[in-house]
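In the two complexes that follow, chain A is the common piece, with chain B as its partner first and chain C second.
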Partner chain A sequence: MTKNTHAILLEYIQSEIISNEITSKIATSDDLLSTGIIDSLSIMRLIAFIEERFDQKVPPQDLVIENFISIDAMATYILQNPPSPK
Partner chain B sequence: MLDFNWEEEDLIYKNSVVEFAREELDFPVRSYDKEGHFPRDLWTKCATFGIQGLAATKEFGGSFDQINFARAILAMEGLGYGCRDNGLTFGLNAQMWTVQLPILQFGSQHHKDKFLRPLVSGEKIGAHALTEPHAGSDIFNMTCAARPVADGYILNGTKHLITFAPIADLAIVFASVKPELGQWGISAFIVERDMKGLKQSPVREKMGLRTIPIGEYVFKDCFVPTENRLGTEGAGFSILSYSLEYDRGCILASQVGAMQRQLEDTIEFARKRQQFKQSIAKFQSVSNRIVDMKVRLDIAKLLLYKLTWLKHHGKSAMMEAAELKLHLGESFVESSLDAIRTRGGMGYLSENEVERDLRDAIGGVLYAGTSDIQRNIIARLLGL
Partner chain C sequence: MITESADKYPDKDAFRCGTNKISYSELADKSGQLAYALRDAGLQREDRVGVYLERSLETAIAIYGVMCAGGVYVPLDPLAPSDRTIAQVTDCQIQIIISSPAQKTGLKTLIEKVKLTLLIGLSVDWPVPSLTWKDLETLPKNPKINILEHDLAYIMYTSGSTGSPKGIMHTHHSGLAYVKLSTKLYELSNQDVVATHAPLHFDISTFGYLSSPYTGATSVVIPEAYTKMPASLAQLISREKISIWYSVPLALIQLLQHGVLPDWDFSSLRWVLFGGEVFPAHYLRSLMREWNTAQFSNVYGPAEVNQCTYFHLNELPVGDSDVPIGRVWDNTEVLIIDSQDSQVPSGTSGELLVRSATMMQGYWNQPELTEKSFYRHSSTSGIEKVYYRTGDQVRRSDSGDLIFLGRIDRQVKVRGYRIELDEISRLLKNNQKIEGAAVYLTADDQGEKIIAATIITKDNILLDESEILQYLAKYLPRYAIPTLILFKRSIPRNSNGKIDYQKLQQLNIND
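And then the complex of A and B:
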């Protein structure tokens, strides 16, 4: 599950967010926020993707650097949160 | 599938807002506008009716048990339709969604009791201090700094173009605690007007929305206790993103209401006005302009209601919000020009209270993200 979550996030970020801007591959431990790789608009797109893809609700309070700084952090956050009730 | 059937009780509430606005907010807007005078008594009347209470829960003096985005949108549309002062509706929306809502969502029990309750009751007025002289569209490049010290923070910097800054009792101020983290280093603080080191400027004269005071805050070694920090350290970006979404939707809802009122007034004028022995509405050069006003309004309504539906169902609406802001902001300017053109020279005279909408509308292409920024957002979302 962890590996799968990492892979899904990595694919989305590489294909949808940083597609043409960065040619080198990103690592799951890379800092994507303070380096500006993911900016204010991209993070909102990413959250919309996480909510849709992982069936989760990301409350406003959770939108802090610790939870989204890297793909590793995002995967940990996703795994710690149960899917939204239907 | 989209569903435009509003809840019956929400429509009834909207109608009650329209009735309230027509009866209780009928004041000499022209002279207030000319003098840049804020109708403080009407602000209190709005609070007594429950307008400010739409952005709070009953527990803290709010109008309903929960905040209902769809009901709020309808209510603010009704307010914009019934109230002829676009400034007052702008000011109400600014406080409700960018001050009250963040306190409700991110604040402690202490914050809610001390700050939210008096904002809802109309006793106090709150501001949202974000923009800086050198950080407008590039907002996260702010220089206002909050240096951690024992039991609090020391704020230094300037905020400008702040709605209510000259008169507000409190403000949510965004400042960087860790500049090296960019937007993620920003925190929010509730600053009270009697705090040492805070200076509120006089009212700045502006083109439109003149009944609502706008001005600056200057912070010079202003100590803010830790208990006045809103949310966790670094939560500033989250607070901003959350509240601006509501703010944009509701301010725009009031603009839709104002455009509906503008259209109806223009149709009435065109039908009554006689030139060349007939109603000017019979001339296609006039009727076509009014048709354009109608189409702009209906497209704006569709975009607004789609955004409302998406948010009501907890869905992302970044593209729709940007489309709405862009379309509505520009449309209100165009329709305000058409309203003046329809009246000819009479529309140019301030005493006929037509030109004021145009001056007010200009603000809509600038505040809460300029039209250019909305285009940038849409382009990015298109993958451009």
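And then the complex of A and C:
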């Protein structure tokens, strides 16, 4: 599950978010927020993706640096975050 | 200026960033050592020095060090595409760059293209002399440099309508005039904690970097990661007991939408300043209700004049009309003129011209563009008065406040018809189902100019093209109705938070 989550996030970020030249390759431990790989608008897109893809609700109070600093952090967060009730 | 604040408040925090902080005496010492290193490397008065740094304490040391050495600081956006940065470095002949180890990748690309005489802030094994921040600590402080107030202090690059960025030149005089007026208007004191949300390359950063230290206040430089995570940012504002906030509206809108504001105590907030773009009235209303103990002020002024007007919101804005840009501040006068450079009758719209102590010297290396941006008028005394042409269309209301109406240069002609693009986007934004909209010119398959609109709908409301066309047709002549309507999740913005029309057009071509 974890490995899968990492791969899904990595693929989405690499194909949908990154548009600039520097980030040809990113590691799952890379700080995506401080380096500008993810900007303030793409983080909102990423969250919409997570909600849809992993069938979860990401409440505003979870929009904190600790949860989204890297792909590793996001994967951990997604694992702990319960699926949204249907 | 810094040495004065250092004499008065030596141990007070001048800047904080994350868990790091620097006192006024440390800032004076470190910037003095940096100035020494710069002079030692051959820096002459008015030589340009690039500041290529992430949001950090080093930004403050860098700019004061450069100014103290008699140099001109030029902020370079580390998140910008490398070609853009290279163009800026080349344009103003930067030979020294101040940076940090975090920027190594970007610097490497830069070094391959431009020849530097010194790199400060990290050690590298490239063929360029370098000094680390630690190396500077052993150097003497405070070189004695003769600086005149009309010497250049900083150059800020902004996107030019021609496509290549233009460098706005400010002197110590114009910078200090802004510092004095802004600190007076918002009654800054050494008790204040100022949030510096804007990156150094954005002109509104001068409030946190220059105005705050002038009064002995503490400036909190917000680390990059916080600018993206609203809930963390809200927590920071509360924890740092920020008393003055200044940013573009977008940052405040994100705080409002995702910041979980009721969870935190914002009683320290005294002033909330916003500028750079129009703050939609309904968001502003909600935020003012949320932060009901703070006073809100709309700040207006192109980077060329720093700031020139203000509008304090003494009550909640009513309806959907934009908040006025307000009154002209001290030591400044304005004219409203028509396309023939004649003053318009009171209450009529026209282009705003500004004459102020805070005005720029001109655009770096672009005398023609500079001249075009100025309006010269000789008074009876024979003294020439120089005004800056803002390109902004305004009108004075009955109450005497200036109202911003749009850009004069967003006026377009399609098939011979004259159209204001901002009129279309304004109508779209007034629609209850639309969250955001950008209207711009693009080309169809035949290469014909057409108007395009990129639209974000509110809360995933379903909205189809025909509904929008019907809505617009209610207000617009047929020729002004966009030919292309695109629904997107976001509208690209540049690093200043303003809509990036160039990117929008490129996106269309790629589609």
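Everything below uses one rule, namely that the second predicted complex is superposed on the first by the 81 of 86 C-alpha atoms of A that agree within 3 Å, B and C clash if a C-alpha of one lies under 4 Å from a C-alpha of the other, contacts with A are read in each partner's own complex, and residues count from 1 in each chain.
We take it that contacts are C-beta pairs under 8 Å (C-beta built on N, C-alpha and C of every residue); 3 or more make two chains touch, one makes a residue touch a chain.
Values in this document were obtained by computation on a predicted structure and should not be read as measured data.
Engineer: Touching A:36, do we find chain B (first), chain C (second), both, or neither?
Structural biologist: both
Engineer: Using the superposition on chain A described above, determine whether A:51 touches chain B (first), chain C (second), both, or neither.
Structural biologist: The answer is first: A:51 touches chain B but not chain C.
Engineer: Specify the partner with more touching residues on chain A, choosing between chain B and chain C.
Structural biologist: Chain A has more residues touched by C than by the other partner.
Engineer: Contact-wise, after the overlay, does A:60 reach chain B, chain C, both or neither (first, second, both, neither)?
Structural biologist: The answer is both, since A:60 touches chain B and chain C.
Engineer: Identify the overlap between the chain B-contacting and the chain C-contacting residues of chain A.
Structural biologist: 33-34, 36, 40-41, 44-45, 48, 60-65
Engineer: If you look only at chain C, which of its residues touch chain A in the complex?
Structural biologist: 54, 78-79, 81-82, 102, 105-106, 223-232, 235, 250-251, 254, 257-260, 263, 489-490, 492-493
Engineer: Provide the residue numbers of chain A that touch chain C in the complex, in ascending order.
Structural biologist: Listed in rising order, the residues are 20-22, 31, 33-36, 38-45, 48, 60-65, 68-69.
Engineer: Within their complex, state which residues of chain B touch chain A.
Structural biologist: On the chain B side, the touching residues are 105-106, 140, 180-184, 231-232, 234-235, 237-239, 241-242, 314, 316, 318, 377, 380-381, 383.
Engineer: Contact residues on chain A for chain B in the complex?
Structural biologist: 19, 33-34, 36, 40-41, 44-45, 47-48, 51-52, 57, 60-65
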